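Each chain carries a letter (A, B and C) given by its place in the written order, and its residues are counted from 1.
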Amino acid sequence: MAKVEKKRALGEETLREFLREMLLIRRFEEKVEERFRGGELPGFLHVAIGQEATAVGVCQAMEEGDIFASTHRAHGHTLARGTHPNAVMAELYGKIEGCSHGYGGSMHLYDVSRGNYGANAVIGGGLPAVTGAGLAFRLRDEPRVAVAFFGDGATNIGTFHEALNLAQLWRTKTVFVCENNHWAESTPGWQHSPVWDDMSKRALAYDMRARKVDGQDVEAVYEAAHDALEYARDGHGPVFLDVRTYRMHGHYIGDPQVYRTKDDRDDAAEHDPIPRLRARLGLSDEEFQALDDEAIGVVEAAVEFAKNGTDPQPEDALKNIYA
Amino acid sequence: MPELTYREAVRDALGAALRADEDVFVMGEDIAEMGGSMGVTQGLLDEFGPERVRNTPISEMAIVGAGIGAAMAGMRPVVEIMYEDFLTLSLEQIVNQAAKHRYMSGGQLKVPLTIRTQGGAGWSPGAQHAQQLEAWLVHVPGLKVAFPSTPEDVRGILWSAIYDDNPVIVFEHRLLYPVKGEVPEKLEPIPLGKARVVREGTDVTVIATGPLVHRSLEAAQAAEGEGISVEVVDPRSLQPLDEEALVASVKKTNRVVIAHEAVTRMGFGAEVAAVLQYQAFDWLDAPIERVGSKFAPLAFAPVMEQFVVPQAEDVLAAVKRTVGK
Amino acid sequence: MANEVKLPRLGQGMESGTVTRWLKSEGDQVEKGEPLYEIDTDKVTQEVESDFAGVLLRIALAEGEAPVGQTIAWIGEPGEEAPAEASKPAPVSEPVPGTEVPGTEVRPVPATASTSAAANGGRIKASPLARRLARERGIDLASLRGTGPEGRIVAEDVERGAVTAPAPAAAPVPVGEVESIPLTNIRKTIARRLTAAWQAPVFQLTRSADMTRANELVAKARELHPDVRVTVTDLLAKVCAVALQRHRNVNVAYTEDALLRFPTANVGIAVAAPQGLVVPVLRSVERLSLAEVAGARAEVVDRARENKLTAQDLDGGTFTISNLGMYGIEQFVAVLNPPQAAILAVGATEDRAVVVDGEVVVRPMMTMTLTVDHRAVDGADGADFLRTVKQLLEEPALAL
């Protein structure tokens, strides 16, 4: 049982691998910010800088065959689940080599072969489908789980409640991962929810198994996700994870964050998961630098790849509308 | 040929699909023990059990959304939205999710979901239980929309919808459920995008959907008494639309009335009129006539409802206008 | 409130009707459905049944024509007072004819119901199918009468207008090669219109006029207006226009459902232009001075010869003059220019021996032949008109 081995073997090498992933996501998103500001990237982009441990912890715990739905802040989930950085970057450049072949963009990253059933730009929009996929896995008695990523801002929308209710009612093979960064775009948690500091209370209302997780600790995230996935996979029903995390940057690239104090930003920076993992691993500057250079090299190569990608033909816009 | 009611024909298609294919399941509000608020799914629970004939909470977003997820995961769910008025609650899922996943994924995903719903006036339900909203969905690329009017059509089209790899919304009409009609012994799929000439004629084409097909046939009968030969064509599927068949009929008769129960303004007939004026402009010998509900919510009082909703006489009057009588 | 008895529309295209007889008298009790009066339409004389029960309070139109919708009587309670004024009918449709004369009013002739017409503000109202058929067959929509809703020209009208040409006579054996000259549009139009004209039952009337004073007047006018060259044709146009005003029964157009009687004389002048026969129209000629007629005529004829006429130049004529005098033709018969009801063929003015007051004298005489559509104009009316033309030519001062 690979998953059990993995759990038990969450040793140094695995954690080093997690750090490699987190650094890749970080450098990738920083590059995306830079290229967006440089006018190279079209569209509407959102980075999850500060939230890498959540993405890596959950995605590393998933098994082959598991699926997930992501959000508008999807680069991290997609990369952490193994989609090649070249394909993600090419998508942001609107190239046919992109993971959605230029049809999706940053907010609609897909990679069905790796279980990525789509990043959704409607808050809460992907949740009912995750319940439905979890239902299908149960009906077909498949050892698969459907995972929903969403933010605390999504917990106030109808799809969230309907999806949770149905999932618990039908014991679907679903895990709900609330990336609780305490911001709904520009609105702080305390302004949008009476239970902003503990979203697991939302799940309790549906009698759903729920757990609070420190989202800046990749080990903790991994272990919680692993447990949740196994619980759901075994047919006991869905699990809700309230993963407390920090959004170090704005809601979107270019967000002046006029709504946010410097203290709050500093506080988020202090919770950066990368130095924390580095400290946990006790890496020297040289060791860390080597990992970082590696990540930067991969990202540079991805940009090169994407820029040299193939533009779709304009009339390709009329394809893929119907199966 | 056996005779079935429209209701039985829907049930027949659902039963056949459930029997033939483990990946098919149905879900919706009150569809199990109760057999559906229109009685369509009666008996299915006994035959197929509660896992495959699933009662849902009153939860339209999740009903449709769960259908989307199950469809993307490889099944062929058929969900029922009790009234198309309630379809409005699930529009986000239909419009932003079901219709878009295939496209946004660059062709990686498919969503073989069937949404059955029903509506229609004629029984004084008031303003929130009888709207005809099919045109809204025809406006969304990625969706297919059908509106069958006879038992044979609904059975064959529903089957095609279930086995289509795209989200298909099948509009049924409350007043049609008890309508009887002959159906082939063996269930024959009717492809989406194929219109049917319900009645042949030479002077005026009436393109009608749902209950207006039947009202148009009445009008055609009456017109015949006045020497006007009316052809009635039912597109059956609104998206894809059998433009060729509609245009061919209009080129034959040179006059056309488009009739549906939905309000005329921005109704499906507006699109058909646009298609026809463009493709058959030089064949039109009279302005295109549209017949639909007056631009008002549906009133409760039967006299007001009757006034708002188009009847056979309205179709007849429009037919006569096209020939200048 | 008394019920208004309104003149009913008894058929498609009916704009007015003529009450010929009341079957009830004022004060009579009337049952609903009981015959009330008789009405003449283009098709039949028929009884009209009462829509109301009550007492026939007042008859507003004892006899005569009224537009559809006009109140012609009131039915109410015994002792009830009928309103004094009949209400005006709401406009039922646009009574503008296809052969419209811009800026003028056209009234349907009594005793015949008219169709609504196809033209509307200069634009001919025709269905797309009718337009296509007309285009394909080289038919001028302006020559057609619309029978569709609101007077629209529909396909059937075009079919009706597209008369097949008569079977050609056996061709003589040609000497040398036969040249095939493709028909120009104008040649096709000429052929079609004249063929259509041939369908009309016509008769001809011929008279000669002493042109002594006409010639003097033309000579005088040339002196007075050296800048415009006044011709006999101009005087003819003026004279005919004045005569048409006096004989309005000739200034008409025949259509399927109605005679259209025009309030003004728009006189077409047949011109042999390089591209073929064209008939530019001089408008409201009765209102123009001779010099103005000459100016207007010179302008359109020049443009005709330069092939620069517009459709508007050719539209809306109510009468046509064809003058072949300059070719030395003594007299001839012109083919009708439909839908106009009459055309005047003018021959050369030549000195002839005539008897005046018992003496044989030599006078400059001109013979003219009026071709008349008998469907629209009876012989006596045509003769009266031609007599007026002759008198005015002989005493042109009366026309000016």
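Some points to look at:
The rule we apply is simple: contacts are C-beta pairs under 8 Å (C-beta built on N, C-alpha and C of every residue); 3 or more make two chains touch, one makes a residue touch a chain.
Here the structure is a predicted model, which is why all the values come from computation and not from measurement.
Of all chains in the assembly, none touches subunit B and also subunit C.
Core chain by CA centroid proximity to the global CA centroid: B.
One finds 55 Å separating the Cα centroids of subunit B and subunit C. Averaged Cα coordinates give subunit A a centre that lies 84 Å from the centre of subunit C.
Averaging Cα coordinates per chain places subunit A and subunit B 40 Å apart. With touch defined as above, subunit C holds no residue shared between interfaces to two or more other chains. Interface residues of subunit B facing subunit A in the complex, by the touch rule stated above, are 22-23, 25, 51-52, 54, 56-57, 59, 61-62, 64-75, 77, 92-93, 96-97, 101-112, 141-142, 144, 164-166. Within the complex formed with subunit B, the residues of subunit C that make contact are 12, 127-132, 147-149, 152, 154-155. Within the complex formed with subunit C, the subunit B residues making contact are 254, 281-287, 321, 324-325.
Against subunit B, in their complex, subunit A makes its touches with residues 67, 98, 100-104, 108, 110-113, 117-118, 120, 122, 125-137, 139-140, 146, 158-159, 162-163, 165-166, 169-170, 319-323.
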